[in-house]
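Here's a structure for you.
Read from first to last, the chains carry the letters A, B, C and D; within each, the first residue is number 1.
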Amino acid sequence: MPVSFHLKRQPEVPLEAEVLSPDRICQLSNEEIRSLTVYHGKRQLPLGEFFDVEGERSNELEIHGNLAKVRWIGRAMSQGSVTVHGGVGMHLGAYMSGGQIEIHGDASDWIGAEMKNGLIRVHGNAGGQIGAAYRGARAGMKNGTIIVDGSAGLEVGMRMRRGTIVLGGPARDFTGLQMLGGTIVLLAGAEIRTGAWMKRGTIISLKPLTMMPTFTPATDYSPTFVNLYSKHLSLFGVQLPYAAADGRYRRYAGDSSVPGKGEILVWQPNV
Amino acid sequence: MGGKVSCTLGEVKQRADFIVYWGGNPAECHPRHFTKYTLMQKSKFLPRGRKDRTMVLVDIRETKSAKASDIFLQVRPGKDFELITILRALIKDQNVSDEAIADTGLTREVLDDLVQRMKSAKFGCMFFGMGLSMTRGKHMNSAALLTLAAEMNAFTKFVAMPMRGHGNVTGADVMMRWQTGYPFGITFNRGYPRYNPGEFSTVDVLVRGDCDAAFIIGADPGGTMPQPAIDHLKRIPTIVLDPHVTHTSKLARVHITTAPQGIAAPGTAYRMDEVPLPLKPPLKSPYPTDEYVVRRINEAIMAKPFWLPDGSQPQMLTAQV
Amino acid sequence: MIRITGGRVYDPANGINGEVRDLCMDGGSFVESVEGGRTIDATGMIVFPGGVDVHTHVAGGAINFARAMTPEDHRRTQAFIRTKTRRSGLGGMAPTTFATGYLYAGMGWTTVNEAAVPVLSARHTHEELADIPIVDKTTLTLMANNEIMLDQLENGEYERAKQVVAWYIWAAKSYGIKAVNPGGVAAWKWGKDAKQLTSPIEGYSKLTPGTIVTQLAQICEDLGLPHPIHLHCNNLGAPGNISTTIDTLKHLEGRRAHIAHCQYHAYGGDDWDTMCSETAQLADYFNAHPGITTDAGAVLFGDTVTITADGPWQHLLYKLTGRKWGNLDVENETSCGIVPYTYRPSNLVNAVQWASGLELLLLIQDPWQVFLSTDHPNGGCFWRYPEIIKLLMCADFRQECLKQLPDKIKGKIRLAEIDREYTLYEIATSMSAGPARALGMPKKGNLGIGSDADVVIYEEDEDVERMFGHPRYVLKGGEVVIEDGEIRETPEGREFLIKPACDPGIDDFMRPLFEECYTMSFENYPVELERIEHAEFADCLGSTRS
Amino acid sequence: MSLQVIDNATCTFCGCVCDDIQLHYDETRIHKANKACVLGTAWFLNHTVEHKYPDALIDGKKASLDDAIELAATLLHEADMPLVYGMSNTTCEAQKECAALADQLGGLLDSHTSL
């Protein structure tokens, strides 16, 4: 039986609720859960002030309501699941190391920032800095998977080291900025400066991209790993084309300003 | 990971034989920059002054500063980041295609010449203005130029610094760093400083409607910020301290008139290169100083109950993750 | 008024070695006796004079640059929560000013020497120092690359150079001078360095680093500075730099001197692969020359941020590590570089550095000559001093730590063969009495009548690191500031400065030279005395204050 | 009446912070700012000691300084997420008070730099 939360009081200022994480909830009684501290701006208030809570002692959380002002849900979680019916605020699943998060709604910035492992799935749109490094940190997400069905903002995957980010909708500028490794899949392309200053890693785009001047087109080919990757992603309902009959990938190498050994693969369908 | 390589303006005055202004218009915005710090000064290392220096201006249009320059490079609007990134590649002898260069509005010949001049300079200095830091790409544009300057040190001495406007904005930056560890975009809501530009930076906070009161001092967001931000300032109790009744004062609950700094208020201000200077106010204002008023407000708040419960602990440290 | 009773007192300056004694204090100083007031029962506890840090970087442009460069460290570090009366702060590699005071006092250090102040931004340094609560402070002005001063030496104008130095010390409202990589930083302004003591410096025809060292040391003597020349030798951190260091020491022969962070100057070998410890050679020199002092500049494994006025070294470190790099050259005076760094036991160079710092502390026989320091934050953060104390006091623990070093370390270091263990008396000397004497502060680092009532009281603990990291009480100026690990009071500290005798004509001499190379007004350059919060004058030796 | 003179005054209009300005002034205004640029001259000459604005305004109406300070303190103290912003055109001494204010309030602290 999952623990379920219904938002009953809309916060007027950001509500920092890192306690909405399976690791924090799983051992607690209903009463203990309701008395966990959340920060409404600077005010320390019990979770029960904002949420009706049903159930106890479970590492499955179900949250209902418009949580756009609720930040840090699933922070550093290592197990279990969080399902949200509604939108969520910033830092969803930041630093998480395991478990799954599923959002039936929109999410905000810094989803899965510096995460170590686990799965985040957003069915709506998301903000910027997905799987990114916080200011000054050397690396963003170290592993795990983030899938956003809708669009995304700036600096997606900034300095990510490993793991996968899949975007169903378009991304804005600086996707894969200073990327160190891992894979970003863009099903609907991105605006400008994709892969800027990337050192290593792979960006796959199914739509044409405006390339940085410091990327050089190498070859058109059908790499086998896309085939394997597509099979892996099909678990999440994501399809990548790879059949030679349908088209080929143009491989760009860069960013030569670093100089880096990253690659951007842009799908060229046969006409 | 790049870095920030800088110097005080006297170093530029004494040594810089190669000066770049990028996205700034000192002739009109920092009128004495050329004469006092950069171009016109003679020194023991550059005895012929202006003749011993080369100045390059990079901007999207030919401003008045172009007249002062030896080389004016007109970059296509929104292509600064691309151009700087190309330069980073070229100084490392990496290949960049002619089309890619042309897309920035410049030619290979021009960039080859620029790179050659940069590398053969004895002391290069790059200043960047709001034309770089406030256009698409924002802090990444500044980061790009700072990184280029850092990387140039593999070949010769090179530094970069922002052309900061607005009086003592540098002082605020410096002071916040020593008191909180961070230069701006800070929250204390957990009882200790935390930092996240984009989350705690004012424009974002106001546009999202995240704060429920605002204290504005030495700035006029009511005249400069986007409309949704101004609308939020109208919705919440706003308090303004300023020598003038400003746009923001007009939408505020409370306005307090204060003495202007350096004219009637004493104290310290920091130059763009982080050198502190004393203020020598000649006039006696009928209004109190900012310092006095904010201290009074602090004292009035000190008399009220403290908000943080005893025994509160830091909870958001990444060491705990 | 406070009386501390029954504690075992270690007061090396007065030759008291663990005797049970009572201490009385009133009005900030130790007195013979007090009537009434609080009594602290220290029975079974250990009483030391408050610690004195002879070499640290806690305030000013450089450390503030480091703060800006390391937000990732602030996010993970120790945070001090705001209370009704106490400001919040962050610890870590480059602590904020308020936290610096809390952290130093929290482990019983009550006096710190900010060892590198460019005069141009001295106002800034003093503003920061005013925001460091509890501890008393001194500052040293950077001098060995000041071009106006160097020009005087180049032209053989010793007397003028001395006047210039005196003028700068007073302009900065500082306590003495620091010489960093003499001539090397000036050369760095052209992207060069100065590695040979006897070769002319880039941009000069005659002047050598050796001349700067000798003459600057003489200037300090002639001006009667309470603290002698505080020297960061040339060639810091480079394999084989022991010859430079010994050569430098020979240039100082017969004069008083303090050699900063000597660990970084005690390497043999030809390159990074062959680099080894040459601490025995350096320690022998110190053992034969009791007039010179040094601080260890010990390295501890872990993350830190390196900041130094040694610009060329930092550029090299940036190239070696590929991490962030900050640099700030200051007109006419100096430079500074900032690079975050992680010392790893698995890294052979780091392992040699770690061992060298401890070797010097152990091989230099007299603790009055070698002091506890990490050159904060370069070798490690100051709040890790208790770890070093444990390494000095427990030979077994050292042997344990040696096991994590790579096998290839054999033959490169001496640490495994040293079985000396510091006594409490020696620790008190190295962390308090010795540095206070070297700094020329007679009221610091001792518990004698009339001295400043700065005391730290430890509860005896088998775990030395825990004992020194968590004093039971810390008193500063006769006031209990730390009790049971809690900050009780945060009084403002004082700043000590000197006014060396100076020819009144020096202003007229300086003005045209100044205007040629600086960008601010001559009149606005000296720090106003009224800006120094709680200024206290120290006397120059052999002279009364003018 | 003859004018008084300050040498080496500091101009805080732009980030150059020139500190070599010679100001000629009397009790009411600055008449001349030698060495200042056109922006600096305007900055110095446009300020007077005239009581041009009310001491304080509350909801747009004239108010006393004391009332304004007390109301400001109350509004900020009551807020759950107060913002302290600006600090460009003011002294470091005032800026330090602003940082102390944000720290004491548990609020947000930000300057022009973030724009």
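Definition applied: contacts are C-beta pairs under 8 Å (C-beta built on N, C-alpha and C of every residue); 3 or more make two chains touch, one makes a residue touch a chain.
Note that the structure is a prediction, hence the values are computed from the model and not measured.
Centrality by Cα centroid goes to chain B. When C-beta pairs in contact are tallied for each pair of chains, B-D comes out on top.
Averaged C-alpha coordinates give centres for chain A and chain D that are 44 Å from one another.
Once the centre of each chain is set as its mean CA position, chain C and chain D turn out to be 39 Å apart. The centroid of the Cα atoms in chain B and the matching centroid in chain D are 19 Å apart.
Here the spacing of chain B and chain C, counted between their Cα centres, is 33 Å.
The set of chain C residues touching two or more other chains comprises 69, 71, 75, 82, 87-88, 127, 131, 323, 520, 524. Contact with two or more other chains is made by residues 12-14, 41-43, 134-135, 138 of chain A.
Shared interface positions of chain D, i.e. residues touching 2 or more other chains, are given as 8, 10, 19, 79-81, 92, 96, 100, 103-107. Under the stated contact rule, the graph of chain-to-chain touches is complete, every pair of chains being in contact.
Against chain C, the residues of chain B that register as touching in their complex are 1-11, 13-15, 36-37, 43-44, 122-123, 150, 153-154, 156-157, 159, 174-175, 177-183, 188, 190-195, 268, 270, 274-278, 302, 306, 308, 312-314, 317-319. Against chain C, in their complex, chain A makes its touches with residues 134-138. Touching chain D in their complex are the following residues of chain B: 29-33, 36-37, 134, 163-176, 179-180, 183-191, 193, 197, 200-203, 205-206, 210-219, 221, 236-237, 239, 241, 243-245, 249-250, 252-257, 260-272, 275-280, 282-291, 293-298, 300-302, 304, 307-308. Interface residues of chain D, counted against chain B in their complex, comprise 4, 6, 8-19, 23, 25, 27-30, 37-40, 43-44, 47-51, 53-60, 63, 65, 68-115.
Contact residues of chain A toward chain D in the complex are 12-14, 40-43.
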